[in-house]
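Chain IDs A, B and C follow the sequence of writing; residue 1 opens each chain.
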Amino acid sequence: MALRAALRSKCGLSGLLSQLSSRSSHARVCVSPVLVAQQRNNSTSSKVKVEFDQSTGVAVMHMQSPPVNSLSLDFLTEFCINVEKLEMDKTCRGLIITSSQPKVFSAGLDIMEMYGKSPERCGEFWRAVQEMWLKLYSSDMVTIAAINGSSPAGGCLMSLTCDYRIMADNPRYSIGLNETQLGIVAPFWFKDTMVNTVGHRTTELALELGLLYSPSEALKIGLVDLLVPEDEVLTTATKTMTKWLAIPDHARQITKSMMRKPTIDKLTSKREADIQNFVSFITKDSIQKSLRMYLEMLKKRRG
Amino acid sequence: MALRAALRSKCGLSGLLSQLSSRSSHARVCVSPVLVAQQRNNSTSSKVKVEFDQSTGVAVMHMQSPPVNSLSLDFLTEFCINVEKLEMDKTCRGLIITSSQPKVFSAGLDIMEMYGKSPERCGEFWRAVQEMWLKLYSSDMVTIAAINGSSPAGGCLMSLTCDYRIMADNPRYSIGLNETQLGIVAPFWFKDTMVNTVGHRTTELALELGLLYSPSEALKIGLVDLLVPEDEVLTTATKTMTKWLAIPDHARQITKSMMRKPTIDKLTSKREADIQNFVSFITKDSIQKSLRMYLEMLKKRRG
Amino acid sequence: MALRAALRSKCGLSGLLSQLSSRSSHARVCVSPVLVAQQRNNSTSSKVKVEFDQSTGVAVMHMQSPPVNSLSLDFLTEFCINVEKLEMDKTCRGLIITSSQPKVFSAGLDIMEMYGKSPERCGEFWRAVQEMWLKLYSSDMVTIAAINGSSPAGGCLMSLTCDYRIMADNPRYSIGLNETQLGIVAPFWFKDTMVNTVGHRTTELALELGLLYSPSEALKIGLVDLLVPEDEVLTTATKTMTKWLAIPDHARQITKSMMRKPTIDKLTSKREADIQNFVSFITKDSIQKSLRMYLEMLKKRRG
């Protein structure tokens, strides 16, 4: 049942994607370039805003889902649709991902999607998380994370899928896969992505302890590539993108695929099992109880 | 023949383990907690002393086999029995391993077990080395090595199986897998454990040259995680353990298994072949000659 | 057809190798050691000069193919013959590779072998590149790269196959796998060798951007092991070799093989497919056009 629902979700997503992309390709064919830019590239939706500069071939995706860009099913669906649109637009060569919310890049997976939900819904949600990772980690575009705020758990994962990570040098921010601190477990493909970035031992330590790193610590272990003052994150991302786009696309894309394909193939071949594994874990009474306690703790903090 | 003897050894060990554990679980059920703590947790045997603090859930295992905690068959058997007991005691969540001998954590595999011994005996010995590694590397407990002295070869391996390594900041001490210096070879699972800790290239260099590192060098390459003054090794290990035990056990254990299972499965599936390989290598005339020369060199040094 | 030609080349190489080695082994048997040293060890050919010191067991291979030791088919054939000769000479335990050309170690694969050539010829060339890598990466000798000049692309690969890399501390020199900058792609075994040396993430970044590193940057990421003043590169290599040769050969060789065999087996099992892949890629119109533009750019620079 969970699988069927998940597949429905998949179909729904694909259907929506194809509608949107056919519209966008239609626009590209029939309308003057300037109008196209206005009409389709600066699309504003509730959770994600995309600015595409056709003169440079670079799109900036602003995550703008208050208060902390939580990765809900709705957010992920919209996010993936936008990435897919850009991916299919051959004039778009680079994607910068950043946040419009203050102090946070993304707070990660939306706990409300895991608490008190049916197995079917949990399965749909997890498939969307997988989809986000698959799309970003295998993107033919140059992807740069402009991390202008804290980036725990799923927010860190999103950053890790990019080709380059630039973080605001603000010691109040932190980044890391801190799932174990909440009593849950980062799945193997989160782990693989982190191992590919910072190596086996640092990942073991980080995941067992659910460590969150300050920007300077993150730089030291290689979790991010560059720190800059907070108000220079986006401009630095733009300059860095120019350097990356000087490399012939074709050679860079084949190289990127060579580096990442084994990790991507692993999830692709175990996707359904991974969903079932997540659903059976997250719907356990003990895990639901942990999440409830965590949510109550959050509520008290805010209250 | 070697295999049969080794299997006998395995059975013997299992039998002893089950006797001991049935005794301990009996004690736990029938006697008051304080008495239990006195009766079974501070067991003193000739080679290993275990102190278990039920209030914290942390056991400290003191290796006390003069002069240098060599990993003989007897030592390993007793060591594994004690680890197994703690593993099966669900109130024990953390294990600190340290040495009661001055200046040395463990000198590693006992060369006398490899020199002039029958193939059967060599096979028994090797199975016990494997068992030590398998038990520690897959332990559900948080394991911390409190390395208060030199830790070459098998002593280094034992440290590498732990979740965290704290070493005395004494430049006279050293740590490393120095097997090649003696003309012998660290097997693939020693190698895998080191690669998982310090990466491929550092391992290649370390194993080809049989390098021993000073504490500060070991920290630099990631072979240990922390250096503290010699008299603070154990207290720091205890404090560090508290931090680790703040993480929900279940999530940490699944994460640890995810990181280590492929490496463990590799030895498990090749265990008999690895024993045969060791036995046929170590019983070679040329290797026996190397060991004799090394032993004579040691004798002269002491004499 | 490409394969057949490549196989012919292989046969030719083997034939030549066996002629040369039978000559050398004949010399070793029949002539006095001093004469042997003069006769066969200081062989001078057009592209490679080998000096073998029988008193130390160390050979120094000077690459002397003007202007920049490009790895042409002729160069690679001669290079491999010489490595093979030394490999089969059990008195030769160590090999130092260095350059006789000013300012350059090796400029890497000869672009003229890839531009305007028949598929058959391209296949022959690629097999020779594979052969060079296979011979060096699996060598039983201790191999040290004395990198006394720039070492891009194939020159970097050659360095990476060695057990140790010593580079001239001259900021004008650079080293790296910069293939993508030219619009071509480092194949999986170049990538594997680099991952084994500097890890996954550094390799991803280096290969996607085609980065060339200054000596100090190369040291920092672990692409080279030691920097020394330019006029001390070879003497330091010789001193370093002495340290390596203090390790028992047999234990070191088994250890080296354990570290490298999976990577070597991967190419060995995919060798023909890798050749076909290279040939079909390099003979594409778009790639040929890229190479022509690059060659014209080089011509203008020199002109």
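Simple rule for what comes next: a contact is a pair of C-beta atoms (placed from the backbone, for glycine too) under 8 Å apart; a residue touches a chain by one contact, two chains touch by 3 or more.
Chain-to-protein mapping (UniProt): A, B, C = Enoyl-CoA delta isomerase 1, mitochondrial.
Only a predicted model underlies this, so the values are computations on that prediction, with no experimental measurement involved.
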{"item": "Category of the chain touch graph - line, ring, star, complete, other", "value": "complete"}
{"item": "Copy pair chain B, chain C: interface residue numbering same or different (half cut)", "value": "different"}
{"item": "Magnitude of the superposing rotation for chain A and chain C (Cα, nearest 5°)", "value": "120"}
{"item": "Separation of chain B from chain C, taking each centre as the mean of its C-alpha atoms, in whole Å", "value": "41"}
{"item": "Touching two or more other chains - residues of chain A", "value": "199"}
{"item": "Residue ranges of chain C in contact with chain A within the complex", "value": "179-186, 188, 191, 199-201, 203-205, 207-210, 286, 290"}
{"item": "Sites on chain A touched by chain C in the complex", "value": "163-164, 195-199, 222, 225, 243-244, 247-248, 250-252, 254-256, 258-260"}
